[in-house]
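Below are structures written as structure tokens.
Note that chain A is present in both complexes that follow, paired respectively with chain B and with chain C.
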Partner chain A sequence: MTERTIAVDYLARVEGEGALHVRIHDRTVEEVELRIFEPPRFFEAFLRGRNYTEAPDITARICGICPVAYQMSSCHALERALGMHVGGTLRDLRRLLYCGEWIESHALHIYLLHAPDFLGYPDAIRLAKDHPDAVKRGLALKKTGNAIMRVLGGREIHPINVRVGGFYRCPAREELEALRVDVEAALVLAEETVRFVAGFPFPAVEEDYEFVALRHSEEYPLNEGRIESSAGLSIDPAEFDGAFEEVHVPHSNALHSVRKGAGSYLVGPMARYALNHDRLTPRAARVAREVGLEPVVRNPFRSVLVRAVETVFACEEALRLMDRYRMPEPAWVEPPPFDHPTHGAAATEAPRGLLYHAYDLDAHGAIRSARIVAPTSQNQKRIEDDVRHLVERSLDLETPALTSACERAIRNHDPCISCATHFLDLDLVRE
Partner chain B sequence: MPLPHHPKLAVFKFASCDGCQLTLLDCEDDLLAVTTRLEIADFREASSWVLSGPYDLALVEGSVTTPSDLERVAEIRAQSKFLVTIGACATAGGIQALRNFGDVDEFRRAVYAHPEYIRTLATSTPIRDHVPVDFELRGCPIDKGQLIEVISAYLGGRAPNVATESVCIECKRRGQVCVVVAHGTPCLGPVTQTGCGAICPGFHRGCYGCFGPQDTPNTVSMVRKLSELGMDPPAITRIFRTFNAMAPAFRAAGDAAEKEAVP
Partner chain C sequence: MDLCRPLVIGVGNRHRHDDAIGLEAVDRVRERLGDRVRALPYDGESTGLLDLWAGVSLVVLVDALRSHGAPGRIHRFEGDLAPLLAEPATTSTHGLSVGEVWRLGRSLGQVPDRLVVLGVEGEDFSPGIGLSPPVARSLGPLTGAIVAELAADPSLAGEPAPRGAADA
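This part shows the complex of A and B:
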């Protein structure tokens, strides 16, 4: 009987703080626990009693990496509660803002957090010494995503221009026009990114995922759509609670999500692409074909390639939306007066996957209860499954190599632990 | 004191959204330049390369909310020669300090099925409540330009040039229309510290105080003005109790409005 212990204090290059604990007895993997130590911040508790108009700014603070996702999911959920619909140019502007966040967040993950794994560096700064052009390309892409958020949202982290019903102020056409040169350049950089990451060495692995993502009748999904799964689920976001449940496990400050009667599932770029590759914009579809990206990607290491293709989509979609933009008047739809308690739920596609919000409001517009299900808490159980399979396949690896392989398996899914609540320190026990 | 040849930079996190440390990675034009002057010694969000302390410059994000945070903040202070707290969580307890006005045990039961699994303190507090801090950089989130200024000042051996005046001054300087005067929109600009670029008035909305109180805030007058503009006492309490609820001037204003609300 062998016994080995590995402890890495803190998983690096993920957003937030978590630990992985793996226990191997003889040659059996007994336990895999992705431990989220990120201290709880109790958003659902202190949202109670706040006016519904405050939810977009408050929930943005759940995550500095994807604040727009929180603003969008809260606005859509609250608008459904209020019985209002925001369409036309305001809808386009929301989509454009979301494209900015996708570009920023995907570029951050691809270049600063994930590429070092494939190329054998501890970080992008040391990677830049040998591959300066690649890192500069990543930073330029990221900067353009941020620029879109700054023009539309006022700033890139916790934008200030989003409100229930639309925006406080819509940009003049010239303000968006000034972004065009950079977004056109970003589209080319994003295509180069797909070719760049297609050259990474990918371990040959296939996982049997149930993919869950939004699907829209016409578009690659951002703000709206039905929640569908590769196993045939198709529901309105309002029916989320009927199909999914959250389980609180002792080792984590995040709640685990499972599909009722089915178990773990995966949200995020691989899921969106698997269910919506037919809705990609032309250049995104073309570059995906050029590098031989299969229509359904089941190798988690190739998620970086899907993220790159989605970055091309986000640049292309941003240009399309900017092209047809005419400044709307007014900048927001006034919510109808209401005099009775109401409820609304919605889901949008955060860079890391499906983000569900649900609110109960009292007759004065105060929030009575709020429920938020973040992408990483939905993926947490599925990430544990990936790690379990990886360890089972790799029992003969020396412990340091196995440890770093486990960390990579986690980073494949770009977990955002500040969303799920957070802290990753790796603790591998072999008995 | 002369700086070491290649000062060691560390970035640490407590309860927070990660947005303030992300601000460093968002300095796309300056990031690589910064790394030629500072050695990134411990920055887990960006690197799996970790050097042990002591550190020359430490940036600390987040607030103290768990029993283990209390030990960790003392260790970090002991390892850091110049410690800068970044953002509303680290400088004022952040949005999660709203627990300080409620019952954390009830909060825990409201969010988690098994509250006994969750270890947390009853309060969320800023770093300076626990250890001495060399400089505080405000904002929810911090401003990129101000962060670069703090780092440059450190490298230049001088004090950071970070204004502590009100948002109004910046708003005027930008030639923006005052949302209070022109539209009767409630705005915390007169009592809030500048640094954001007065973006909210620039987008036709009132400031909501994410940089915390300016150096001489007249919150009594501010509360009266907000009331004249149609905000009721509970709404006034809420606007002060958001991202900098525990900053002393905002806390006093929120408490005063709450007393009005409960006759």
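This part shows the complex of A and C:
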């Protein structure tokens, strides 16, 4: 009887702290546990008793990489609770702010976290020695994303300019025009990124995912849409709890999300692209065709290519939104007065996937309960499934190589452990 | 303002107790030297340092560190930043560590002419506001050490001597 353990005690190049434990007994993979151990941060409890107006700023603190996603999901959920709708230029500005976050987050993942896996480097620093121009391209893209976030959000980490109903202050048209040259350059850099990434060696793997993402009638989804899946699900975000459930597992501080009656599912770029490739902007669609990106990508290693195409989309969309911008007056829609308890739920597309928020408010506008379901906690079970399949295919690999392959399988999905805990060390046991 | 002039960068997160020491030190330097020196608090994403410091004659970077020594102890690094690279990534609250960004900058040719890192041994990096008592006590000597680094830099020769180079 042989037992083999794969242990990664600290997962590198992911956001946050987590570990992976794999136990193999007589060539059977018996346990795969993605352990999320960054302490639970009790954000949902922090929110209880606070006025609803504080939710966008409090929830933005959950993540330094995707604070806009938290602000957007909280605003939309609360606006639904209040029966208000924010449209027109304010809606455009939210979408533009989200584009900034997608550019910043995708560039970080593609160049600093993921490219070293494909090009055979332990980290971005060693990658930069041999491929300085590539890393500079990634940093320039990231800088432009951060600049959009700074102009619209007040600062690039934990923006402070978003409120229920809109913004505290809207930028003057000149402030956006000052960004235009950099965003035009970023669009070209993003197209170069797609061609650069398309040259990576991709292992030939296909997984049978149920993809879950927003789908909007006209746009590639950011802020709005129905929650749809590749298995035919189509619901309003308010119906999330009827279709999905969160399950506590002992090895993780994050809750596992599953589709009721169906098991694991995948959110994020692969899911968005599979369900929405027909909504891509023209240059994003053209470069995807140019590099032969299939309409539905089931190879998790090619997620990096989808992320690159989405970066082109985000730059192109940002330019479109900037072109038609006229400074709105006022900068926000005033929420209606409160006179009865209410409930609202919404989902938006964080860079890593669907982010669901739901709030119960009392008659004075205080938050009685809050629920936040982050993309990584939704993907956690699906990531474990990917690792299980990889280990089953790779049992003859020596433990160090197998360990490295497991880490790569996890990074394919750009997990944000900080968000999920409310996560990686790898521990592989062969019995 | 001459962007090549010496620059003090305080790195940290005010909401992680002792990780705020770099930001607090920048506040003190500004109080003492006013506009005579560029001093920036930096709580942004760490690769942003590359743009801040590239081509600057002298950068004094102040950050919290953890090496299992006495809390509040001030460490000075120049040239050899290897000890900073050993810091476990899990301690960092801002992505790549300063040591990693320095190495990345060297690969890309985006580093200052001279980088002096003043690292203060932290005790408490948990979520919350306020320095631990031993780290708070280091603030005076730390500010003095920053001012002394600036005063010794030839690019500031002829400037009025900074007051109280050590107010510990």
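Note that in this section the second predicted complex is superposed on the first by the 424 of 431 C-alpha atoms of A that agree within 3 Å, B and C clash if a C-alpha of one lies under 4 Å from a C-alpha of the other, contacts with A are read in each partner's own complex, and residues count from 1 in each chain.
Going forward, contacts are C-beta pairs under 8 Å (C-beta built on N, C-alpha and C of every residue); 3 or more make two chains touch, one makes a residue touch a chain.
All values reported here derive from a predicted model rather than from experimental measurement.
Trainee: With both complexes overlaid on chain A, does A:A124 touch chain B (first), chain C (second), both or neither?
Mentor: both
Trainee: Just to be sure I read the superposition right, which of the two partners does A:H248 touch: chain B = first, chain C = second, or both, or neither?
Mentor: A:H248 sits against chain B, while chain C stays out of touch.
Trainee: Given the touch rule stated above, what does A:S73 touch, chain B (first), chain C (second), both, or neither?
Mentor: neither
Trainee: Of the partners chain B and chain C, which touch A:S303 in the superposed model: first, second, both, neither?
Mentor: A:S303: touches no partner chain.
Trainee: As a test of reading the superposition: which chain, chain B or chain C, is in touch with more residues of chain A?
Mentor: B
Trainee: So in the superposed three-chain picture, is A:S377 touching just chain B, just chain C, both, or none of them (first/second/both/neither)?
Mentor: neither
Trainee: Which partner chains sit in contact with A:V135 here, chain B, chain C, both or neither? Use first/second/both/neither.
Mentor: A:V135 contacts both chain B and chain C.
Trainee: Check the residue A:L112 against both partner chains and state whether it touches chain B (first), chain C (second), both, or neither.
Mentor: Both partners, chain B and chain C.
Trainee: Is A:I62 touching anything from chain B or chain C once the two structures are fitted on A? First, second, both or neither.
Mentor: first
Trainee: Indicate the residue numbers of chain A shared between its chain B interface and its chain C interface, in ascending order.
Mentor: Shared contact residues on chain A: 10, 12, 17, 41, 61, 64, 108, 112, 123-125, 128, 135-136, 139, 142-143, 146, 155-157.
Trainee: How about chain B: which of its residues touch chain A in the complex?
Mentor: 13-23, 25-26, 28-29, 31-32, 35, 40, 43-50, 65-66, 69, 94-96, 98-99, 102, 104, 106-108, 110-114, 117-118, 120, 140-141, 196-197, 199-200, 202-205, 208, 210, 235, 238, 242-243
Trainee: Which of the residues in chain C end up touching chain A in this complex?
Mentor: Contact set of chain C toward chain A: 15, 43-45, 47-48, 50-51, 88-90, 94-96, 100, 103-104, 107-109, 127.
Trainee: What residues on chain A touch chain B, complex-wise?
Mentor: Residues 10-17, 38-46, 48, 50-51, 54, 57-58, 61-65, 67, 108, 112-113, 116, 122-126, 128, 135-136, 139-140, 142-143, 146, 154-158, 160-161, 163, 167-169, 247-250, 253, 255, 331, 407, 418 of chain A touch chain B in their complex.
Trainee: Spell out the residues on chain A that touch chain C in their complex, using ranges where they run on.
Mentor: Chain A reaches chain C through residues 10, 12, 17, 41, 61, 64, 104, 108, 112, 123-125, 128-129, 132, 135-136, 139, 142-143, 146, 155-157.
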